[in-house]
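In what comes next, chain A is part of two complexes: it sits with chain B in the first one and with chain C in the second one.
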Partner chain A sequence: MNRATASRTVPYGMSKAAARPNRARLMSGLTPYLFIAPGFLLFTLAILYPLVQAFQVSFYDWKIIAGAVSDFVGLENYQRALADPRFWHSLVNSGVYMLFTVPPQIALGLMVAMLLVKKGPAQPLFRVLFYLPVVTSWVVVSLLFKYLFADEGLINYTLGDFLHLSDGETSWLSSRWTAMVAICALGIWKGIGWSMMIFLAALQGVPRDLEEAAILDGANRWQRFLSVTLPAIWAAVIFVAVMLVIGGFNVFTSVLVMTGGGPGGATEVVLTYMYKQAFEYLDFGYGSAIAVLLTVLVFVLSVLQLKFFGNRDGGEK
Partner chain B sequence: MTQSHKGARRAATLVALAATLMAGTANAQDVTLTFWGSYGNGGNSAQQDALNEILIPAFEAEHPGISVDYVDVPYDALLQKLTTSAAGGELPDLIRADLGWVPQFADLGVLVSLSELMDDFQMYADKTYPGSLSTNLHEGEYYGLPLDTNTRVLVTSQAALDAAGMSEPPATFEELKAMADALGDTDMAVFADSGLGSWNVFPWIWSGGGAVTDPDLTVATGYLDSDESVAAIQMLVDLYQAGQIPNLIIGNQGATSTSDGLPTGRYANILDGPWMKAIWAGQYPDFEPIYAPVPAGEGGSVSVVGGQNIVLTSSSEHKDAALEFIRFTQTEMFQLEMAKSGNMTVIPAYADAQNDNDPYFAMFSDQLKTARSRLAIPQASQVDAIISGALTPAFQGDVSVKDALSDAAAQIDQLLARN
Partner chain C sequence: MSERTAFVSPGTALRLVALIVGASIMVTPFLYMVSTSFKPQAFVLTVPPQFIPDPATLSNYEHILGLDFGRYFFNSLIVAVTATALSVLLSSMMAFGFARFRFPGRELMFRILLLGLMVPAMMLIIPQFILAKYLSLLDSLVGLIVFYVAGSLALNTFLLRGFFEAIPEELDQAMQVDGANAWRRYWDLFLPLARPALATATIFTFLACWDEFAWALTIISTPENMTLPIAIQLLHGPRGTQWGLVFAASMIAVVPVVTVFLLFQRYFVQGLTAGAVKG
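After this line comes the complex of A and B, so read on.
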């Protein structure tokens, strides 16, 4: 189409043979950028600009008022964060959330994907059902889980009166680790559908001939999974792992809705702590410093993950 | 007033405003004041209706050329909306602000000092409850006037009194402890509250004869951790550990709320405000709450002041007109009309008329006479986080009350030193 456009717009008197390749090459070189441009513009305005702005704010005792002059404080906000036990406490909680939600989401997501990759009459229904939590609002499902894990909620009823596994009087949301169990359960439940979807797409690319060859060689299901399927979808596994680790450190809505960071700050995570500093205490400089620290941490973790796991068989794909 | 009517009038105002501006005159006659608040919070349209259908039209009739555009913002969203609007330089002229926000926004420089701008400020200030007025004070100046007020009183039920074999609600700390003993192994906890912030624990500290800071708000150490303050909190901790206060108080979001626990007989006593009447009337029509003063300790029966102030933003281009509206909010008409829908008057002289209209308010007005305000400092919300963060482990038995309060006091000292 570009080629056609180019040839039509060649001015009279100019050799078509000479003009076409240059124009065409220029146009076809530009095309991808033109497609990227709207998205990149949006990314620049909605993400890059605030990111740079937050980085700048983190070096100031920031006055939020339009036109007010803020005091430059250098690294003071960063020093304050590193010496703030509540910041470290929230970072540990975010880390624990990440550690206990990422592996189950990958394992269960992959398992569900393996089960649903084969064609069957109920397969579309199950795909939709597993994906449904992903598209449901965080606030809605957080409220739902808050009620499930309430003192007189369904979880206690099931464990106590129904299964007789506990006395049914666990105050899930009243202490740090039991509340983290509830928050992690929500994170896993809501996330499985997303990793399932990525794995389902990746599983379409597993070479059938390799699979058949492995069957002929007498490999059992588990051996075929390890030697054929997993290497073929390894890039997707890395992608899912990196995205989930980033997402794990960004846990926010569920904590804010289910515990509010309480009791007494016990379940505070980095983003709820940052949010409070900025929007409750109006300490935007400190809040921005915390945000920058988290960004750096997540960036480093992502690079490390890609470095350590990214090369394993991934290059073949 | 119909929407189209209002729209037409607003359009007319705009045309008039534009014409005046084009003419180049400095004193535009027709102005529209924008007023943000959360009167409609919780689906209570009565307050918004009173404002939009009775009070604002009355004001506009008295002040030709000034119209008031009230914008209702849900309470939970208002602080964030104010923050982002302040950053964007788009604040309204007037705000109905939560007590705790006034020093915070005054400190940011977005509010006008009314004590400086209004010649007759003192006259209006003198008429209000001192506890309500003091929430407007920041660095020696008053940045607002009280708009409506409330306080917490003890609420109990006949079922609770019967269960404990009592004829009257507990009037003292000792009677509360005796009630806990009487309730013993029943399923009813003697007291419940939903947090350990200033609003929750200050009434116990003050009633116990303790204090939070010195009168000049310069230091908390020696006050918040005084023997009296420690004893008051120790009483709550003892009750908590005896199972007589549920873990709702340390922030268990999964526990039964106070508004459900009292009518259903799980909790014997709670502290709550005048808005509960309407809530219970809707949810528990058969429940008959019994109101009493906060139990008295060595310091008497002292509760905490709640409510809202009206403030004027420094970006307002119609300050004179806005001051007229502020003066209007202090009139008997405004105060009593709002009291009808649950916003108690901030002016003691109107309290009798208010209580004649609805005797329900009498208990709250009596409690207000001795009620005190929380710390009027820009970092009041941080104080809440500090106190609940320090006290939670004390309730859980991990640290002593004395250590917890000393720790909280030391942290609050640092905040106070910044002011």
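After this line comes the complex of A and C, so read on.
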């Protein structure tokens, strides 16, 4: 590429292109594409193409062995999923995980953020401590929680011998709902720091004058929270809720590491079930159908959330 | 301001207590992990639990190094550093293209890129596996790097484009008058000015690659290509896990991450407030 001609590229907002010779115009027209091409080609190859193929594979009895012919089966994989009690079981578990981790993460994250919004000498330290679980790898914290929830682990000791809330002999990971409690506890513990950080940033934007006016009006803390703070940070609340619902249905590593979906498939979630179908039984078509179903479900839920809660902000103004 | 008094008010005291209780719950598991990494196997699950290991031992760490964790650490490092460098380079180029030029297909391409932000990584794992098999990238570090870079492009481009758009146009035009071509303006003007945003992108991408588990689990099959998360997970068996070993190995994975986080935490806040970054 000729550097001298390329240098005459028209940046966004400037338009002297008409005065240019043709060749220079051609080069300057190409410049943005040259910047975008390397990344966009890789994106197309490794994200976009697989995205399309995820749908395609779900309509086949896909054979991974080289040279084998995959049969087109139409909607069979989808029908199979909808009639598969283990798929529904895993969907219920993912849904339960979502329901019991999203509200606590929002509520606790917001609470901590409200406690931290007044800047004090200890504020940065607390912020770091609450955010620490967020930056730690899922594998490590999943193993850590498996250890904490072991039969002779710290949780049983704390609940039994220390707080006397239970007999301290709960075998957490060996039945469905107690295992879900442990998995959800991990999800909440790991996620609070993230929502806290988003809310902390949003709280900087709460108008001070409104807050002071509310104090003068004699509004108590709770009223002030409802009528001033919450509307001001509503966009952040929606953002956090949508992201957490998506994340909740995408729970995978913690279940795989803590219970492996067991005992006997009791704690299987959609993605561990999908993963097993694909990479244990090599049923790629069925696995893809499950992945597509989950993605569609999550997408619909996101749209619904935005539709029902998204314009509250606009409605009140 | 109006509530401020010379001594600590009950409200402030209550606030502090709540924060201390909360922070203890967040940190105790980590402290317990550190402690267990120094315990001999016989003492990892005692009643009552030991917070200060007695007797303390370094044998878990010695054992871990004997198990080739130096190699896994190195694999993780190569993958994360290479993928991060490539991702930040490619996405900053794209961000520059999107932010500073108007051209046919701009909106469409950017929207397509945003689609990549919304698709959960796990949805792509089956077709990506098929693709990686076709390209002979299975069981290789290159296979990890290629897909880590691709997976982080959308978010980084999105983040950097916003930053590039905020750079005053006058600077850009001044350089143009001096005869600087687009590449020089990208390299000598935009990249240096965008250093904070580049730092944010770098840190988030590095951590995501360093911690990534599902893809590595799927394509890596030989021990010499394992990254830390895979190697650590393999240490724990269905029965009689050697927890001391597991957590000594975990420390090798966690300490660099926590260090990076503590050193660069202001960039975390920046990245998060730019939106859409989920750790």
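General remarks:
Throughout what follows, the second predicted complex is superposed on the first by the 261 of 317 C-alpha atoms of A that agree within 3 Å, B and C clash if a C-alpha of one lies under 4 Å from a C-alpha of the other, contacts with A are read in each partner's own complex, and residues count from 1 in each chain.
Keep this in mind: contacts are C-beta pairs under 8 Å (C-beta built on N, C-alpha and C of every residue); 3 or more make two chains touch, one makes a residue touch a chain.
Just so it is clear, the structure is predicted and the values come from calculations on it, not from any experiment.
Ranked by how many residues of chain A each touches, chain B and chain C are led by C.
Of the two partner chains placed by the overlay, chain B and chain C both lie in contact with A:150. In the superposition on chain A, contact of A:232 is made with neither chain B nor chain C. By the touch criterion defined above, A:39 lies against chain C but remains apart from chain B after alignment on the C-alpha atoms of chain A.
In the superposition on chain A, A:293 contacts neither chain B nor chain C.
Once the two complexes are overlaid on the shared chain, A:279 sits against chain B and chain C alike. Look at A:81: by the touch rule set out above, it reaches neither chain B nor chain C. Using the contact criterion defined above for the overlaid structures, shared-chain residue A:263 touches chain B, although it does not reach chain C.
When the shared chain is aligned, chain B comes close enough to touch A:67, but chain C does not. Residue contacts after overlaying the shared chain place A:171 against chain B, while chain C stays out of touching range. Counting contacts as defined above, chain A residues 64, 146, 150-153, 260, 279 meet chain B in one complex and chain C in the other.
Only residues 2, 15-16, 18-19, 22-23, 25-27, 29-30, 32-33, 36, 44-49, 90-91, 93-94, 96-103, 106, 109, 112-113, 115-116, 118-120, 122-131, 133, 146-147, 149-151, 153-154, 157, 169, 172-173, 176, 179-184, 186, 207, 210-211, 213-214, 218, 228-229, 232-233, 236, 238, 241, 243, 246-247, 250, 253-254, 257-258, 261-262, 265, 268-269, 272-273, 275, 278-279 of chain C touch chain A when the two sit together in their complex. Across the interface of their complex, chain C is touched by residues 3-4, 6-7, 9-14, 29, 31-36, 38-40, 42-43, 45-51, 53-54, 56-57, 62, 64, 108, 112, 115-116, 118, 122, 124, 126-141, 143-148, 150-154, 157, 161, 189, 192-194, 197-198, 201, 215, 239, 243, 246-247, 250, 252-253, 257, 260, 271, 274-275, 278-279, 284, 287-288, 291-292, 294-295, 298-299 of chain A.
Contact residues of chain A toward chain B in the complex are 63-68, 86, 146, 149-153, 171-175, 258-260, 262-266, 276, 279-282.
The touching residues of chain B, counted against chain A in their complex, run 79-80, 83, 86-89, 104, 108-110, 196, 247, 250-256, 379, 381-382, 385, 388-393, 396.
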